[in-house]
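Presented sequentially are two complexes of chain A, the first with chain B as partner and the second with chain C.
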Partner chain A sequence: MNKHSDSINSIDIISYYTGYIVFGAAFLMLIPIFASFVFAEWATLIDFIISMEIVFLVGLMLILLGRRTHQQKASIQWKHGFVIAALVWILMMILCAIPYALSGHTKSFLDACFDVMSGFTTTGLVLTQDLDHLSIGLNVWRHLLTFIGGQGMVVLALVFITKQTSGAYRLYVGEAKDIELVPNVKGTAKIIWKISMIYLAVGTAVLWIAGIIIGLEPISALLHAFYMFTSSWSTGGFGPMSQNIMYYHSLLIETITMVIFILGSFNFGLHYAIWQGKRSELLKNIETQSFFITSFLACMLALYGLSRFNVYPNAISNFRRVIFNVLSAHTTTGLGNIYPRQFALEWSDFGIMIMVIVMLIGGSACSTAGGFKGLRVGIVFKGIIMDIKKLLSSERNMKVYKFHHIKQYILEDSVIKSSALIIICYLVLFFIGTMLGSFYGYSLASSAFESASVAGNVGLTIGITSPAMPAALKIYYILAMYMGRLEFLSVFALVGYLVGGIRKICTRY
Partner chain B sequence: MYKILRVFILTLILFALLSIQLFAFNTTEINQLIENAKTFDGKQVVVRGETIGEVMQRGNYSWVNINDGSNAIGIWMKNSDAQQITLFGNYKNIGDNVVVDGVFYRACPEHGGEADIHCATLKITKTGFPVTNPIPTIRGILVFVLFSALVIVFFIIYHFKLLKNSPD
Partner chain C sequence: MQQKKQIKLLNFSSEVLGTLVYLALLFIVTVAITR
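And then the complex of A and B:
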């Protein structure tokens, strides 16, 4: 009997909070509605009104379904936090795909879902067709999704809709964010958004001026500035035009976006520490150390490797094409200033291998970036060094090993183990994707490149991602982007919850 | 006489069709340029496509992007050529259809290793035009139906006090 009531309560709690977040997300559609209204895109305006009404209805239904949570003031447990976060992402993917599907720019609803998940997870792979004729409203929506996804939907919801903070931390962790900038999680969520909004204002202004300098009309430059900022800061990689960042033909835009996406790939904790005047954190932090070392090595190796084949004619070309793309991959941004097929045709297997490695490593934990994360790479690397040192030193020598990440932590076996486990999960995700790509007839190098790009939430493509690719591959890529972004735990919790529920139903009947 | 005239007209039609094919053969798809970039590198090519976005003026030259359906590429052209273009493709317009004769660079040394085309001649084959994006009636109806459903749900919540805290 207890078990039965517990199960009902869990469904209530999950339904109520999922509904609340979905309901809140419907308000986001007011932004593209406003854009469509201003630019007189009436068909798009109607599409967004329909979508917003549907999202409101779904959110309300879920709230009503779980209303006992509100009435009895039930609190969230860890399992609920994980399941809600995982469920919200799936539900929002479907609901936010409605404007895409109504626009007629996607060949199927699956393609629309793919693009939304790609946006939310800040991946940046695109199946939307004819980007060059996309409405401003839909373009604003695409880039808004990537901006929201970068900071986290649940994090946004925590800022606005959760009155009580009990259990909020469980929701927050469910979205693969665990840094506590201030003691209360609502305050942390607010700081994350404050940091992002300040960068949004400054970054958009800088890109706007740059846009006017390179010859864009002022209004168009402002829109492009917003698109490129959200894409870079969220390490998303979407572009408003089919040529992505190549559309601008500009070293200035490439350099500004490069600075923004490197900043975006840093931990929010690091931004907060630097804002508080702790500048030394930039050099001491294990994540920044890891990022600087791996990015420097990757850039040098890629430059050397490509120079052997004379891929690019001079130093500026090498900087613009090699450094930019390697850093875009490493920060998991996915803005590309060469054609996707040029990776396959010109970069050689060595260049592709470098890209695969950096895409998998990714940016920092608790940032907008994906991948294993520099923190885990740094911890595992330090763990290996620690083990070697222990082997070589006397048994009586009891040295405590530490690492610095905002504050000093003791390097314990449990920390190394959990970091290594997540890295293994990413590798499994990557290998399955590579195998599936090869199964469908793509070359091993191309399959590995694309698989690393989806698992690491990067968004660079070698040419596999297209509306013509097999549906099974699209579904796997959606799953890989989703699991990679939520760092597995929440997804495993949701699967476990569903399996447990099905088992209960089976045993009851 | 009638037979001769018929043969003559037929020959003319055939000739016209063949010329079109010959012309189409001369233009290269942008995707073909990218796929065979090393072959076409530094060679004179002819591409056809729709002008998209907007012109970006840089000194005496401008960047114009064109899309031929297979892919898009940047064309580096004189300002005087760019000024001939009347409309660029976007949500509300179909851009001018142009034929560009120029040199393709796989990794242009002048433009930071970008794949581009330096235009020698530009010809507008079809001027662009505005497009209407009509609103299907069913969508208009759907807006009202969904709005009514929302009003009903809100009314039910309010009337039956479904989201009121239960007394402890």
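And then the complex of A and C:
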């Protein structure tokens, strides 16, 4: 009896909080509705009103289903936090895909779901067709999803929706964010959004001016500035046009976006520390050290490798094509200024290998970036050095090894182990994707490139991702983007919860 | 208050400046390698 009532309670809690976050998505649709109204896109306006009603009803239904949570003031446990975070991402993918499907720009609802998951996870791969003629309303929606996904849906919900803070930390951790900027998790969520909103204002203004300089109309320049800022800051990679950032043919815009996506790939804890006056953190932090070393080495190797074949004629084109694409891959942004097939035809296997490695490493933990993160690379690398030093020193030497990440941490075996486990999970995800790509007849290099791009939430493509690719590959890529973004734990918790529930039902009958 | 704002602006711009310096370094190395 006790167990039975406990399981009902869990469903109530999960349903109640999931409903609240879904409810928030309905309100977010007011932004594309406003854009469609201003630009007189009546068909898009109707699409969004229909979608908003559906999302609103689903959210309301879930809240009513779990209303006992509110009445009994039940608190969220760890398992609930993980399951809610994992469930919200799937549910939001389906609900937010409705405007895509209604627009007629996607081949199927699966393609619409693929694009939404790509946006939320800040990947940037696209299956939407005829991108050049997409309505402003839908384009605003696509980039809004990327921006929100980058900061975290649950983080946003914590700022605006959830009133009570008990158990909020469990929801926050469920979304693969674990840094506490202030003791209160709601305060931390607010700071994350404050940092992003300040950059949104400054970055959009700078890109707007750059757009006007290159000859765009002021209104068009403002919209493009918003699109390119959200894509860069969230390390997303969506572009409003099919040519992505190549559409602008501008070194100025490429340089500004490079600055924005490097900053976007930094840990929110690092931004906060620097803004608090700890400027030396930029050089001392294990994550920035790891990023500067790996990105510098990757850029140099790619430059050497490509200059042997004289792929690009001069320093400017090398900087614009090689450095830009390597940094875009390393920060998991995915903005590309060469055509997808140029990677396969011009970059050689060596260039592709460099790209695969940097895409898997990715940006910083607790940032908008994906990949297995510079922090974990740094910790595992320091762990290896620590083990070697221990082997070479006398047995009595009990030296404590540390690493710096906002503050000093002791390098314990448990920290190294958990970092290594997550890296292994990413590699498994990458290898399965590569195998699946090869199974469907794509070359090994192309399969590895695309698989690293989805597992690391990058968004660069070598040409595999298209509406014509096999449905099984689309589903796997959706799963890989989802698992990569949530860093496995929440997804495993959701699977465990579902399996446990099924087992209970089976034993009852 | 004014001083506090100036310090905050300085901290904010140091982040952007640091990134620009890194990009400049990459550009210099690109020029060196391409030659």
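Keep in mind that, in the parts below, the second predicted complex is superposed on the first by the 509 of 509 C-alpha atoms of A that agree within 3 Å, B and C clash if a C-alpha of one lies under 4 Å from a C-alpha of the other, contacts with A are read in each partner's own complex, and residues count from 1 in each chain.
The working rule: a contact is a pair of C-beta atoms (placed from the backbone, for glycine too) under 8 Å apart; a residue touches a chain by one contact, two chains touch by 3 or more.
This is a predicted model, so every value here is computed, not measured.
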| item | value |
| --- | --- |
| First, second, both or neither for A:R279, with chain B first and chain C second | second |
| Touched partner set for A:S443, first chain B, second chain C, both or neither | neither |
| Partner chain(s) touched by A:Q77 [first = chain B, second = chain C, both, neither] | neither |
| Chain A: partner with more touched residues, chain B or chain C | B |
| Which superposed partner A:N318 touches (first chain B, second chain C, both, neither) | both |
| Touching partner for A:Y304 - first (chain B), second (chain C), both, neither | second |
| First, second, both or neither for A:S466, with chain B first and chain C second | neither |
| Shared contact residues on chain A - chain B and chain C | 314, 318-319 |
| In the complex, chain B residues that touch chain A | 34-35, 37, 52-58, 62-63, 65, 67, 71-74, 89-92, 94, 106-107, 109, 111-116, 133-135, 139-140, 142-143, 146-147, 149-150, 153-154, 157, 162-166 |
| In the complex, chain A residues that touch chain B | 41-44, 46-47, 49-50, 53-54, 56-57, 60-61, 63-64, 67, 70-73, 102, 132-136, 214-217, 220, 241-243, 246-249, 251, 311-314, 316-321, 337-339, 341-342, 345-346 |
| Complex contacts: residues of chain A adjacent to chain C | 198, 255, 258-259, 262-263, 266, 271, 274-277, 279, 282, 292, 296, 299-300, 303-304, 307, 314-315, 318-319, 322-323 |
| Complex contacts: residues of chain C adjacent to chain A | 7-8, 11-12, 14-16, 18-20, 22-23, 26-27, 29-31, 33-35 |
